[in-house]
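Naming follows writing order (A, B, C, D, E and F), and every chain is counted from residue 1.
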Amino acid sequence: MGEGDANPSGTTPAQDPERQPGSEGLSHIETGQDGSTHARMVDVGAKAVTPRSAVARAVVEFPEGLLGGLLAGEGPKGPIEEVARVAGVLAAKRTGDLVPMCHPLGLDVVEIAFEDLGGDVLEVRCRTACQGRTGVEMEAMTGAAVAALTVYDMTKAASKGIRIGAVELLEKTGGKSGTWRRSEDDRSA
Amino acid sequence: MGEGDANPSGTTPAQDPERQPGSEGLSHIETGQDGSTHARMVDVGAKAVTPRSAVARAVVEFPEGLLGGLLAGEGPKGPIEEVARVAGVLAAKRTGDLVPMCHPLGLDVVEIAFEDLGGDVLEVRCRTACQGRTGVEMEAMTGAAVAALTVYDMTKAASKGIRIGAVELLEKTGGKSGTWRRSEDDRSA
Amino acid sequence: MGEGDANPSGTTPAQDPERQPGSEGLSHIETGQDGSTHARMVDVGAKAVTPRSAVARAVVEFPEGLLGGLLAGEGPKGPIEEVARVAGVLAAKRTGDLVPMCHPLGLDVVEIAFEDLGGDVLEVRCRTACQGRTGVEMEAMTGAAVAALTVYDMTKAASKGIRIGAVELLEKTGGKSGTWRRSEDDRSA
Amino acid sequence: MGEGDANPSGTTPAQDPERQPGSEGLSHIETGQDGSTHARMVDVGAKAVTPRSAVARAVVEFPEGLLGGLLAGEGPKGPIEEVARVAGVLAAKRTGDLVPMCHPLGLDVVEIAFEDLGGDVLEVRCRTACQGRTGVEMEAMTGAAVAALTVYDMTKAASKGIRIGAVELLEKTGGKSGTWRRSEDDRSA
Amino acid sequence: MGEGDANPSGTTPAQDPERQPGSEGLSHIETGQDGSTHARMVDVGAKAVTPRSAVARAVVEFPEGLLGGLLAGEGPKGPIEEVARVAGVLAAKRTGDLVPMCHPLGLDVVEIAFEDLGGDVLEVRCRTACQGRTGVEMEAMTGAAVAALTVYDMTKAASKGIRIGAVELLEKTGGKSGTWRRSEDDRSA
Amino acid sequence: MGEGDANPSGTTPAQDPERQPGSEGLSHIETGQDGSTHARMVDVGAKAVTPRSAVARAVVEFPEGLLGGLLAGEGPKGPIEEVARVAGVLAAKRTGDLVPMCHPLGLDVVEIAFEDLGGDVLEVRCRTACQGRTGVEMEAMTGAAVAALTVYDMTKAASKGIRIGAVELLEKTGGKSGTWRRSEDDRSA
């Protein structure tokens, strides 16, 4: 984009992480003429609009025996999960407002699901998808993290031993780097 | 508060978690006259305004050898930490906008700090404080979580092996339940 | 507050609606020196901090026979009400962000409840309370309205005949004008 | 979208309300494998991008004789309508932030207009349009509702008898279900 | 768009500023049937999606000798610029939330850069770009202004003499009116 | 506040700008044990709650002869000023959301006023006040800046020569440093 003398930074062109998958390149960092480094938002204007999806998970770990009670029959399972689902969906939609270098995206869907993994661990999964110029991994991570924070908020009165044990990407599809899935032996909790 | 016939719910009075520390009571859940449960925001109007603080931590785990490079000398350490700090401070201030049943609070301070724990683990700590009617634990948890999400966002191009390994409360002070600290042997990472 | 020559408007002093209950005074409008009128946010700095509460209601009207199905046994009642409750609580907390001349308030509680009034009408009630310098009527109105919009959003696929039939204040307490309740014969729906 | 074992919910596929107009299907509710129901955001990724518009109305009802004064000559009509218009436009743009299961949309226009219907009733109309994968009905409803809440806020000091009498969809165009208009005999107020 | 009797305003059609560059037409103002004027959001639905960019600048003026210290060696330059950059990027992304008649846009990039112009003046430049139906000038202006406000906030304790000396558009590209650049002799500071 | 080993940063204590008025101290910057500097939010928990106010101004400069037309008789003056007023009031209320190191404040009032200074310059003044632990200067600066950005947005179609000529603090009252007023010979425009 010919900015001419109005070019605001005179920096090295953005590295496209999708051009060098697995590289050490930090797409969100650039080096100025004086050698100092600063943050940057990647310019995705030249990328193609393609379907993208991502799935992330967060796990909430409970002291022994507590989660079973929370999930049992007439218990509060419904409200806890429903409130956490809404919080996660809303947070995923505002990822670009929370994570500074993320692009605003028009998500086609945000899906939050819960699973009792046993061992007093509740898994929160967040799936996001859009057709866009950049991936939706951060939207899935943010949705899962805020849903887990909400589960914690709604149960923390029962025990301070409750904690969030992990927030991690499970899968992404679309974009130049295509599909990636976390291998089973790289699973936490 | 005598709502008379305008009382909107006819539910059991709120349980104050601080009145029964460590109890199984879920302050954010109440049971209606029909036995169904639903979420609720605790009414803190009768609580005293006292100084409150909390410290939470999130840890970001990196593949072997990667973190050292990120933190080295002239490297991008500065921008990554500074952007993550700003994201965490802003997120802590809007906790009541993200976690549905949290109260809006006028925080006196949000402090974010980073420490290389060794073993390719970066710790993000968030301290929050206010004088208010309810605790600031969720503000500290949210600030730490969003700062960690931002570290992840700014480094994920280097490796998909990066993950957030834990988000947990370390300490709280103030309120009826007073001071609590997580015991060393209950530390993650 | 002696603004001296920096006083930005040279307008007539604010009318305090609570000083003339039921008057025709519009506290949010002021008249400039040129006779033109413009909006204003009331300066509440001189008011006392007192406990305040308000209850508002919104009613969602359904085509004959539809609401019964939505509320029946294993039906979707839970998710609809829980999602609407969360939306109403979050909206009430950000009233000052939505209704321009409202003051930002640190609400002590937002409570949303649902009642089947019969005649295919679902009532959404929102109670808000704080200790502050101004009332929480708009917070209750906004919470009820957004909860009702969410009920509409989650049921509109079933029939375009669904509509919101009213949003109105039922009660307020606190402040100079004290307690007010809508009289029965002034009830809608 | 082949989520494989990462599919977060194992639920019945979304019902597209536009495929069965007028059906009892609740697109925002899905049934899990355990028979429980929960909320969901409809996946619109497979829908075509088409021009969409909607018009909604809210009516504000005033005690006899009050509205005429508000709308007269040099009166505050201008500020009240202008502030309410801005509030409605801003609210319509953030509908996806307020109504949890709504998609974020890039609206092409939000138009707010006011009409004195006589009988002390002020009508607020909101028209929204975009080219997108889902309708803009909720954006029009939200814009009309928040504009009406703002009219109420700016006039409530004159009388507590003021109320919002209805918020309803008048028209939608675009999408598989095409154009719909509310019939005259289905008009409120 | 055939709104028929649901057309909410019956106003003169929008003037497209890009059709009469430099004209006196105010695209955000329309005249109603009663001759009164009110604000409006331009309907961009009929415009083509084209690549758009803009560059704006804000300058922060410091008392003699102060800026040099702030920018020197180990000084706080890094944090001040990094925090202001993040604030500017986030603000540019939410321009439609701040400037009422702006359209929500999915920006492809926001770039913030700083330059010491000498004479104790720090320039903040913000470049924005997207492919859309309307320009990104306001996004660039908003990003530059909020970044400058943040520089002011972080340095104001050093001297109340610090001020923002200008916020102005430098360049725009794309759209019917094509490329425009501010001429050198029209530069401030 | 005895954080003990949970103290997240081990930094030098905050400098209180109000303790050294006019000093070179940068309250928003602190130096870590490794000599690196980073941003910080000042901890105001130990400060007294006192009445605070501030007035800031922004000036919008127009090409010769244009402003007179905008302000004339039946012209669009009303809508432009009213929309800008609302934008400024809303922005001032969310200052803590825009300027990262600002504290969330419960403002008692935000007042926006406009004055034609002659010479084709429109002045926007913003007065803010609260009773709090920290000043409201940034709220006044932010309200004035966003109101000016909105005036620019609503008039820019008339001429690209329009620019914001200054954003500066005029006055503050309250806090340890008491009252300060900008001297006349330090006025811009």
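Note that a contact is a pair of C-beta atoms (placed from the backbone, for glycine too) under 8 Å apart; a residue touches a chain by one contact, two chains touch by 3 or more.
Quick caveat: nothing in here was measured; it's all calculated off a predicted structure.
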Distance in touch steps, counted as few as possible, from chain B out to chain D: 2
Shared interface partners, meaning chains that touch chain D and chain F: C, E
A-B or B-E - the one linked by more C-beta pairs in contact: A-B
Centroid distance [mean C-alpha coordinates] between chain E and chain D, Å: 30
For chain E paired with chain F, centre-to-centre distance based on mean C-alpha positions, whole Å: 17
Whole-Å gap separating chain A and chain F, where each centre is the average of the chain's CA atoms: 34
Residue list for chain C, restricted to those that touch at least two other chains: 38-39, 78-79, 82-83, 86-87, 90, 100-101, 104-106
Chain contact topology (line, ring, star, complete or other): other
Chains that touch, pairwise: A-B, A-C, A-D, A-E, B-C, B-E, B-F, C-D, C-F, D-E, D-F, E-F
Of chain A, residues touching chain D in the complex: 51, 53, 55, 78, 81-82, 85-86, 89-90, 93-94, 105-113, 125-127, 129-131, 170-171, 173, 181
In the complex with chain C, residue positions of chain B that touch it: 1-4, 6-9, 11, 36, 38-45, 96-97, 100-101, 103-106, 132-133
Chain F partner contacts - residues on chain E that touch it in the complex: 15, 17, 22-29, 35, 37-39, 66, 69-70, 74-76, 78-80, 82-83, 86-87, 90-91, 98-102, 137-138, 141-142, 145-146, 148-150, 152-161, 163-169, 180, 182, 186, 188
Of all residues in chain D, those that touch chain F in their complex: 78-79, 82-83, 86-87, 90
